[in-house]
Amino acid sequence: MKNKINKLTLPVLFLAPVFLIYTTFLFVPMLQTSYYSLTQWNGVSEKVFIGLGNYKELLKNNDYWITFFNTLKLTAVSLIVQISFGLLLAYLLYTITRGMKIFRTVFFLPVVIAPVAIGLMFSLFYNSEIGIFNKILSAVGLDMIQTNWLSNPKTLLYAVMAPQVWQYIGLYVTIFLGALQSIPEDLIESAQIDGAGEVKTFFHVVLPQLSVFLNICIVLCVTGSLKAFDHSYIMTNGGPGVRSAYLGVFMYKTAFGNSDFGMGSAITITIILISLTITLLFNRFAASGSEN
Amino acid sequence: MKNFSKKAFALAVTAVLTVSMAACGSKDSSDNTSSSQTANSTAAVSTADTAQKKVSLVLSTNWGEGDSKYNYFYPKFQEFQNANKDSMDISFETYSTEDYKTKIKTQISSGNLPDAFTYWGGAMMNVMVEAGLLLDIDEYFKASQTVKRENFEPSSFSYYTAADGKTYGVPLESTRGVFLVNTEIFKQNGLTVPKTYDELKQVSKVLNDKGIIPIAMASSGGTPSEFFFSELYNQYNGAADELKNLTASRKFNTANAVKVAANIQDMINNKMFPKDTVANGGWAACLQLYTDKKAAMTYTYPWMFESIPEEIQKISEVVPIPKLPDADIDPAAIMSGFTVYGFEINKATFNDPEKHDAMIKLCDFLASDELSVNLSKSGMIPAKKVNVDMNGQKVIYQKMMAYAADKKLIQVHFSTMPSLDALNMFDSSLDELFIKALEPQAFVDKIQAVLDKNSK
Amino acid sequence: MRNFFDKPLKYKIQGTVKYIFLLLVSVISLYPFVWVLITSLKDNNDIYGNSFGLPRIFRWENYSEAWKSANAGRSFFNSLFVCMIALVILAVITSMGSYILTRVAKSKLLSTYFSLGLMIPIHALLIPSVLIFKYLKLTDNLFSLILVYTAVNISFSMFIMNGFLKSIPKEIDEAATIDGCGKARVFFQILLPIAKPGLATVATLAFLNCWNDLLLGLVVISTPAKRTLSVAISVLKGSYLTQYGLLCAGFAISIAPVVIMYLLFQKQVIAGMTAGAVKG
């Protein structure tokens, strides 16, 4: 019996601080949000309980579905671009002899720059009156794809997506590089002694070792994309209409812009539910994959 | 082990939730104004004991360090603070506009509203009025020795008057919409200032051929396009009344609104605006095309005057907007003019006997002639009847006031739109109209749908 | 392959191509940083009229003005204070929790519970947080900010720490336990040092999160003297017109410590490397 108590003391003691802080300042707000989502609330008046009313209205709301699909597009693009470039760059850095530290710092630099500055830079860059993007295109002979990037309904969303997807590649480089460095050296060296080329080494030796971190980065990327806000809001206000808005932007505009905190909270809950679903599905998929 | 962690998890969640739910429960009851008022006054008493009846107040504003009004406001505020440093302790909190709206909204819902704060009226203040957080300013006028309702332009109160007929904000800033032409560009190209839509079309063609944007007008988040839309709207019969009654009637979907939208579409088709209306949207980016002489005309507001170089001010003239082809009213007779900004008073603090006198003093300062006159140097048109020394003003400000002298002032949708979500829909749909992603009727319907949804 | 000159020509070409590619990516990565620095020396006319060129007039005064307007000395200290304390608390509690969840009492339920925080948009936390701090009578308090910064970074820190702890072979702590180490000692003396690269990665990213946070700092803190740097810099935006040169000067001021922090932790990463083998 005493032994059992002793066995429990350590886990409880070790888990308690992180559990308490997390629950009080993150989980409780989340519960409050889910309660708000069932009410009609403008932020100050009495909350009127309306059950699933907000959710029903959301499902009928065209703008919600536009932002929903925008968000899915962003998630897909981020996953493809950020994870593959992050992995590629991290591996290249890992294999070079000189300058690794400098390159690593440089690749990380965009991550630290405020999205406001990046947003301004790209708005100026895309601007067809004063910007240089179209000029660059015509200089390299690509006149035919010149357009008003932010005012063309076809290019708008991707023009807003690009800076965000690009800005955070450095994040994944950092995580992957940290992971690569914790792989035992001899594993890779023995593979190379066996005559495996760099590409082969990467796919057969390095990648399996990274699977845990690949999972981490994929989940970070998905959850990050699903709550994306800054670039869209800064560059276009999520507009015109909601054409370049993601769920996060739509939530903010609903809750804080329209003072409709009930509906805003309902959007938040859907963001969490979508994230959770994707993450759990992915984990199950990854788990079954690793068993094979 | 698995069993243990599940049990421990359940137990811990229950424990934390009980505590926090209790917290939320009691919070709701203490949120109302009366109890926060008592909390405020006890705090005041305790500070009064230690520091000779010193009252602490919070003054919040978005006239922050990066704003063009800051340099005209802060020195005056410092004078006021120094003069009263023995009796009050004012915490002066500044934010950028976007941050400020977020901040105030969280403060409203947590019951920490500042004691006095500059803020918008109309749909922006409704939530606070409904919750009974704001003082009916007639109570302030009654208590004040120096500031009376009669000191203000009578029309300036409408923006701060709520559905119950009472006024909840002291208007400070009035404004005028100005259509500017760069006379030099016109002269160089042998053009005359267009008065009719046909003339505008011809002028635009010539300018476009020379690589000059005819009118710097664009739309990002509805700026500056929403004011341009309203200005054009007033060229039609009945529009003025429709605008005035919009708050009550909730009817945006008028024949006139469709006409204006159709005309804007035609202007876009005739290449009168910059190609990329999103990237060139917003007050600053849009005006920049004009001040850089990349555009020959623009429509802007006095709060932007601070960023028009003197050389451009000299060669700019304020002229009427060309008359739309199907318009009824001569644009040379009208000009949009309305209250855009002022300050609001926290009712609980004002009625707190400990803070009442200090609050009156602070409000008297905010509503003083001296402050209004000083702020006018930033391009602000005082809502108060004060004598502004024209010689100390910018050239462009003088030109505007001279032009405005005989004009009938008209309202804009911005001040009369009944709810925030409709106003936001107006703004974001204008962006869509400008990129030709919406047809005029669809544009109008979109905004009406929001108004209809709320009236249920 | 590690040693360039010992290798056959094929590898030399491969190496050169690699460097050219990395250099290209570096230029693209470095550019926005350089752009912010250049823009910080311009005025608005120069920014709009000459967006991507060098300043026509170098406005060094933007820096002194931004520093003064944002009360940067004070807010810099506030930010550093809050971020550092949050970081220390975060590192200690998440690595302890992560140890339990990956080694002692594996629990999928708890892991999922802790990952929920990754999914909530920060805007949804604003009003609930303010209400909780009001209840705790911690309104307008830097301590509140420390707590909430710790809380919002727990999810992703635990997530990454779990990964690093999982990748350490179990045999290591089994061996230590046989040697008679208690579980606590195994963690502090054996696992934590091995997991240093993980901790450094977490610390870097968490520091960045805290340092760049605008919204929580905005709603939790009211008194100007208690402001964090990012909130103070945000005041440089105007209501209708923003002097972007000034704002970029502010950003440049706030980026500097993050870059220093990153370089500092990089050393940590290297120093904490387990194998100790010299690369190359």
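In order of appearance the chains are A, B and C, and numbering begins at 1 in each one.
Please note the rule applied: a contact is a pair of C-beta atoms (placed from the backbone, for glycine too) under 8 Å apart; a residue touches a chain by one contact, two chains touch by 3 or more.
Bear in mind the structure is a predicted one, so any value in this text is a computation, not a measurement.
Contacts between chains leave no pair untouched here, as each chain touches all the others. Just to note, of A-B and A-C, the chains joined by more C-beta pairs in contact are A-C. Our note on geometry: chain A versus chain B, Cα centroid distance of 35 Å, whole angstroms.
Averaging Cα coordinates per chain places chain A and chain C 15 Å apart.
Residues of chain A in contact with at least two other chains: 11, 15, 19, 24, 27-28, 32, 43, 124, 127, 130-131, 256, 261. Taken residue by residue, chain C touches two or more other chains at 48-49, 104-105, 110, 113, 127, 131-132, 247, whereas all remaining positions touch fewer. Under the contact definition stated at the top, the residues of chain B that touch 2 or more other chains are 4-5, 20, 24, 102, 105, 109, 285. Touching chain B in their complex are the following residues of chain A: 8, 11-12, 15-16, 19-20, 23-24, 27-28, 31-32, 42-45, 123-124, 126-131, 148-153, 156, 236-243, 253, 256-261. For chain B in complex with chain C, the touching residues are 1-2, 4-6, 9, 20, 23-24, 26-27, 58, 62-69, 91-99, 102-103, 105-107, 109-112, 283-285, 288, 291-292, 301, 303-304, 306-307, 309. Within the complex formed with chain A, the chain C residues making contact are 1-4, 14-15, 18-19, 21-22, 25-26, 28-30, 32-33, 35-36, 39, 47-49, 51-52, 89, 92-94, 96-97, 99-101, 104-105, 110, 112-125, 127-129, 131-132, 147-148, 150-152, 154-156, 158-160, 163-164, 166-167, 183-184, 187, 197-198, 200-201, 204-205, 208, 212, 230, 244, 247-248, 251, 254-255, 258-259, 262-263, 266, 269, 273-275, 277, 279-280. Per the touch definition, chain B reaches chain A in the complex via residues 4-5, 8, 12-13, 16-17, 20, 24, 101-102, 105, 108-109, 127-128, 130-131, 133, 213, 219-221, 274-280, 285, 289, 294, 419-421, 424, 427-429, 431-432, 434-435, 437-438. Those residues of chain A that touch chain C in the shared complex are 10-11, 14-15, 17-19, 21-22, 24-30, 32-33, 43, 89, 92-93, 95-97, 99, 101, 103-114, 116-118, 120-121, 124-125, 127, 130-132, 166-167, 170-171, 174-175, 178-179, 181-182, 184-185, 192, 198, 209, 212-213, 215-216, 219-220, 223-224, 226-227, 229, 247-248, 251-252, 255-256, 261, 264-265, 268, 271-272, 275-276, 279-280.
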